[in-house]
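Worksheet: one structure, shown below.
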Amino acid sequence: MNLIDFFSYAGTFLFAVSGALAAMEKKLDVFGAFVIALATAVGGGTFRDLLIGKQPVVWLTDTWYLVLVAAAVPVSHIFKGSFQKLRKSMFLFDSMGIGLFTILGMERTLDAGLSPMAAVSMGAVSAVFGGVLRDILCNEIPIIFRKEIYATACIAGGVLYLILESCLEQRSFNMVITVCFITVIRILAVKRRWRLEFR
Amino acid sequence: MNLIDFFSYAGTFLFAVSGALAAMEKKLDVFGAFVIALATAVGGGTFRDLLIGKQPVVWLTDTWYLVLVAAAVPVSHIFKGSFQKLRKSMFLFDSMGIGLFTILGMERTLDAGLSPMAAVSMGAVSAVFGGVLRDILCNEIPIIFRKEIYATACIAGGVLYLILESCLEQRSFNMVITVCFITVIRILAVKRRWRLEFR
Amino acid sequence: MNLIDFFSYAGTFLFAVSGALAAMEKKLDVFGAFVIALATAVGGGTFRDLLIGKQPVVWLTDTWYLVLVAAAVPVSHIFKGSFQKLRKSMFLFDSMGIGLFTILGMERTLDAGLSPMAAVSMGAVSAVFGGVLRDILCNEIPIIFRKEIYATACIAGGVLYLILESCLEQRSFNMVITVCFITVIRILAVKRRWRLEFR
């Protein structure tokens, strides 16, 4: 297993936990928690793969995704209390996951022969669409439309990655820089309550 | 027309009626009723076909699906009173439809060369996603996340079907057993108020 | 750039403006406004392309779509006041856009070798699904299910277009007639408060 796969699985698990925790707040049953965990974890990548035409989607061919999501539901249940104490680290991992999903989405889109602009869009879609689905399924206005600027951070990070890729040969270095950039932007945005107001 | 096609059309019609009745409760117009009937009837199969990459989706190539849904709208309107008296039989047919859609979804997924675990997931998606769409379009938290355990019944039925298929040669026998199993589980679940609580 | 492309871009821009204005009413941030503008403008065509299996979707291969949507957001913000005065002309352009998207969707579906009935359905989907998405993202029951009969107008227009195409050779003439027909029906429907009641 290489580093990208590892981060990909880790991101999937973390997003699944975030979905399962949201489902528990809404008092859904175990099946509902699993579905919302799955939608949160693989929703972004699935939507991207449908748009660029890469089917069957990855979680149907690589069984690890379903296993990780299935594991995330009892884990969320058992460690519910600890996760609330761990909220800060969770937020850090979540932000890292978003950064990584941005890059994975971009790479997959560029692989399909699409333009850099399409890649940036699909990077952002991969990173944030899972959370949008989670909120729609829980019948709320998606949080990304109301708070935080983290989708904007994904787009900025995507542009940075494209620039780095055109200048430097070291892909893994470029990835690390981009993930750090997105993570830092998002944390600053939340801490300092940055908003892109629009009235 | 073989037995599978017959059940497939029958299931489509019954789900369309359930969608049209939901639309009438929300006082939508005829077009709204048609769209919600269509989403309820073909939503599960459509979503499955997008995920596994079988396009164009079946209701665009086999005209019967649109005809059946179009017929279900006036039929629901005319027989609205009777359907409410028939509620128990409706529920029985609905449960049978869910059982059958589970198997049809699994067969289609296995045909596409995917794994048994993917087949079980896609069987459940085929059976329940139409109802999820209906509830989202009517702006409610999908009922499967709040009540009943019928998606879980689809998954249990899917696993049973895989076991039967690996042991017995008689496909139609296996299908009948599985449909009965899912139907009985679902009816028991509703009657005895089984819930998979998760707090 | 031929006439069809021109109308296609014009329709995209107008729908994007309608999405951005809806986002501003909900006080979403710039990113939210962009996403809802994008969903409104390309949602119908994207859903159609997924169903008929034409991927990657057009706005990933033709950069103009993303550029037009990105431009629509600040334009909506700046000319917000004027747009409200221009409401009547907006409504006219919007209706024309719907008429044109109906025809574009039908042509693309017929090109994919599908039946006339499938083409009429996909024409209506192309025209109205963007608005449905906009309303779902803003957490409202889609307006097409509650008011107006404009989806019905798209279907009637689609049937008219098929009849014209089978009788007359002049495609551009047929298109203009159909767009006028859909526009007039929709305007009459709103002015005279036509409803297809269903109780």
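As written, the chains take the letters A, B and C, and residue 1 is the first residue of each chain.
Criterion: a residue touches a chain if its C-beta (ideal position, glycine included) is under 8 Å from a C-beta of that chain, and two chains touch if they have at least 3 such contacts.
Owing to the predicted nature of the structure, the values given are computational and were not obtained by experimental measurement.
Enquirer: Between chain A and chain B, two touching copies, which fits better, same or different residues at the interface, with half of the numbers shared as the threshold?
Expert: Counting which numbers both chains contribute, under half are shared, so the two copies meet through different residues.
Enquirer: Rotating chain B so that its CA atoms sit on those of chain C: what angle is that, to a multiple of 5 degrees?
Expert: 120
Enquirer: Counting in whole Å, what is the centre-to-centre distance of chain A and chain B, each centre being its mean C-alpha position?
Expert: Centres of chain A and chain B (C-alpha means) sit 31 Å apart.
Enquirer: Could you list the positions in chain C whose residues touch two or more of the other chains?
Expert: Within chain C, residues 50, 136, 139 contact more than one other chain.
Enquirer: Can you tell me which positions in chain C touch chain B when the two form their complex?
Expert: Result: residues 50-53, 109, 112, 114-115, 117-118, 121-122, 136, 139-142, 144-146, 149, 151-152, 195-199 of chain C touch chain B.
Enquirer: Going by the contact rule at the top, pick out the chain B residues touching chain C in the complex.
Expert: Per the touch definition, chain B meets chain C at residues 23-24, 26-33, 35-36, 46, 50, 55-57, 60-61, 63, 66, 77, 136-139.
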